[in-house]
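Have a look at this one.
Every chain is named by a letter (A, B, C and D) in the order it is written, and numbering of its residues begins at 1.
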Amino acid sequence: MSNENQVAVIAGVGPGLGASLCRTLTGAGYRVAGLARGTAYGEQLASEINAAGGRFLPLACDLTDARALDESITRIERELGPVSVYVHHASQLVMNPFLEIAPDEFESLWRITFLAAVLGAQRVLPNMVKQQHGALLFTGATAALRGGARFAAFASAKFALRGLAQSLAREFGPQGVHVAHVVIDGIIWTERTRGFPGVTEDKCLQPDAIAQTYLQLIQQDPSAWTQELDLRPSVEKF
Amino acid sequence: MSNENQVAVIAGVGPGLGASLCRTLTGAGYRVAGLARGTAYGEQLASEINAAGGRFLPLACDLTDARALDESITRIERELGPVSVYVHHASQLVMNPFLEIAPDEFESLWRITFLAAVLGAQRVLPNMVKQQHGALLFTGATAALRGGARFAAFASAKFALRGLAQSLAREFGPQGVHVAHVVIDGIIWTERTRGFPGVTEDKCLQPDAIAQTYLQLIQQDPSAWTQELDLRPSVEKF
Amino acid sequence: MSNENQVAVIAGVGPGLGASLCRTLTGAGYRVAGLARGTAYGEQLASEINAAGGRFLPLACDLTDARALDESITRIERELGPVSVYVHHASQLVMNPFLEIAPDEFESLWRITFLAAVLGAQRVLPNMVKQQHGALLFTGATAALRGGARFAAFASAKFALRGLAQSLAREFGPQGVHVAHVVIDGIIWTERTRGFPGVTEDKCLQPDAIAQTYLQLIQQDPSAWTQELDLRPSVEKF
Amino acid sequence: MSNENQVAVIAGVGPGLGASLCRTLTGAGYRVAGLARGTAYGEQLASEINAAGGRFLPLACDLTDARALDESITRIERELGPVSVYVHHASQLVMNPFLEIAPDEFESLWRITFLAAVLGAQRVLPNMVKQQHGALLFTGATAALRGGARFAAFASAKFALRGLAQSLAREFGPQGVHVAHVVIDGIIWTERTRGFPGVTEDKCLQPDAIAQTYLQLIQQDPSAWTQELDLRPSVEKF
């Protein structure tokens, strides 16, 4: 199938991996929609990408709201076509002593990290199954494999997402949908993280390099699909 | 510390593992409180255990309601003493095609399997830390390690619980609290499961045998604590 | 089955976990044979244990030599009875940059850590299978789960042992033989390690506490067997 | 660095994945040497690849013999240039009841699956470290993660290889060498396997598709390296 006919949704777009995914996929010929809470950044990215000949549609959407997400996907289908790639990488880092994390924080983190992935997958899977073609990618973290001290909320949400990815891979792989979970182990070099104490570029993951691997996952031949891989800087201790 | 001075709470008590835990721990000298949605079964269990010389207090409690749980623990502390053992094993098996599981079901399963564990742990940990002594046990399942097809909701909730257990072990182990996660791989032989098609006693886990291992975990020397173990029948394929 | 009728072999006995296993199992009524390269320590341990009313037989044996091991087991069977418990915990820590580990070192480490376990298991399993009763325990390490830098030889040998344990558990569990792998994560407090720089008792695993868990594993009910558990000091970072 | 300047060694070349790796890497501009027990197949492959404008050198070599391997690499360095990519994928499937696998079989399987990887890595790493550039790829299997019944020999050798890969990744990643372990889960469609009972093309991994992922691993940016990934057919149960 030619990429020109294909539509990718990036759920969670900001300067960083989200933007790199949008650039990389449009660069490879995909029509891409980017969902984010607001559209300020998305509009800016759209100017850049569309000027370069790509096709990028930014939409404001609360990913944890099933109805809002449904409306966004419906609009994407109408404007760009049926969705064959869906990347969920929305989350939020919470790092705090367990006794200082309110139950509400556990819940809101679970909603954006996990439930939003369920909502997106449930919205796009029926058509992918019908086409016997599609890719669902989930952005994980080291915390998806190892619950560290002070990571009770973040790790448990990322663990849940990994369990979901495995379950969907087993259920939908034989139906033609490639479900992959990417374990990002390290800090991504972005506008935001470059201000962090002790963070230097040579110790970080480049978002464009990560996006390249996502693209390769999406384009893998169905005879040899990857369900899970890790990504980390060469210098990262692990 | 003598067991006679110690209080254990079993969060989730019905005929099966919950009852075996109550019998085993009271038999070993613990004062035990059992929390469940209703008290019918608990009262019956209390008659049996208290007649045998044990001390068992059944309480009705919605474990997903922070205030209700707080009140229950407060009452337990008043009637039995400070809690030094807390076992969370409430959950509910959901096995369905992904597209037939409503978001609400994901949420309610997450509340009882995971959030209730957070609420219980946050309630009892401060005192355990103060005493530098305590044990938190979480009942997991194979689905905590492997997300099978049709297990999207159950596996993701159990994955989350496992991530929590690891995080708490790393944070509270050095503070004297033993946090362990038990992976139960197979069907427990209970009143309920013996009616299942194809289920025979020789292929099931005996709840008393499981409870024995929980007791041993609780009594491990702090120099050699187990964070995770699995339990399955000798004949189980895995 | 009463413990009095049972014979346990500890393959790898020195002051430390080996000695604790011998003391703990004889204390629980097992007749125990201890295999080691020499008998000096074993004789001393025998005096102590036999004086206390236990039955302990120390034998010198090169565990990597199939014929020598066969002869030792034959003598044990003649003097103590058929073997129903076999614990392999011989190994040797090698920690060196990869390019400074000779292929011969990889091989000798593999022989003592892994091949000796194969030889022991092949010698005792036929009778265990015939009796539909027995326990094979393997002592693992963190390095069985995670290959750290400078641990290429040790980790690969311990990984191999873990793979063996899983395979034997799946093959022989349904035949009545309990195969368990114990991941020891930390330094055991022994005569030897107490001389190590920076090692203090409060940060170490007590060998008697470890041995207690081995005994519990051996005595688990076949309806709820553990295939793998970890053990570490409460204060250990992991 | 341009691929034209780079030399890749495929340790273990036969019709199947080995051949696909040779074709894919020469197609991407690498000069490739292929090591195998004999050269009959290699010569045939060389005719094909060299006719297509690639540069492929087949060499007969016993990979478990340090001296023979050293001589082969020396010749490759002389004829093609310094080695910057080394793929170890030699192994042999052994599937038998544990009591029917001779200790010698454990050993020979360990030599070809594991020790040969050590010998190759020790031979090529010093120069890679000097160049701060290189890739070591190891072909694993499901049996590297799960020791199944009747897989005692194969699984333990593959477990060992995985432990090695992790250890080398941690030691040599910061020195510029990318070490990756590929878990192949399923049957590769080759001349040999297409004769197996019940094996059909649609259920197998295509060797060219696998090779494509190896090439992508080799070309990953050092800011986002994969240490491990799995590959399986979309229809594979796992």
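As a convention for this text, a contact is a pair of C-beta atoms (placed from the backbone, for glycine too) under 8 Å apart; a residue touches a chain by one contact, two chains touch by 3 or more.
Fair warning: this is a prediction, and the values are worked out from it, not measured in the lab.
K.L.:
Is it true that over half of the residue numbers where chain B touches chain C are used by both copies, so same, or is it different?
P.N.:
same
K.L.:
Report the inter-centroid distance (CA atoms only) between chain A and chain C in whole Å.
P.N.:
46
K.L.:
Measuring from the mean C-alpha position of chain A to the mean C-alpha position of chain D, what distance in angstrom results?
P.N.:
Centre-to-centre distance between chain A and chain D: 31 Å.
K.L.:
From the C-alpha centre of chain A to that of chain B, how far is it in Å?
P.N.:
34
K.L.:
Which residues of chain A are in contact with two or more other chains?
P.N.:
Residues 170.
K.L.:
Using the definition of touching given at the top, classify the network of chains in this structure as line, ring, star, complete or other.
P.N.:
ring
K.L.:
Along chain A, where are the residues that touch chain B in the complex?
P.N.:
Where chain A meets chain B, its residues are 66, 97-99, 103, 106-107, 110, 114-115, 118-119, 121-122, 125-126, 143-144, 146-152, 155-172.
K.L.:
Over in the complex, which chain A residues touch chain D? Could you list them?
P.N.:
170, 173-174, 176, 178, 189, 204-206, 208-210, 212-213, 216, 220-238
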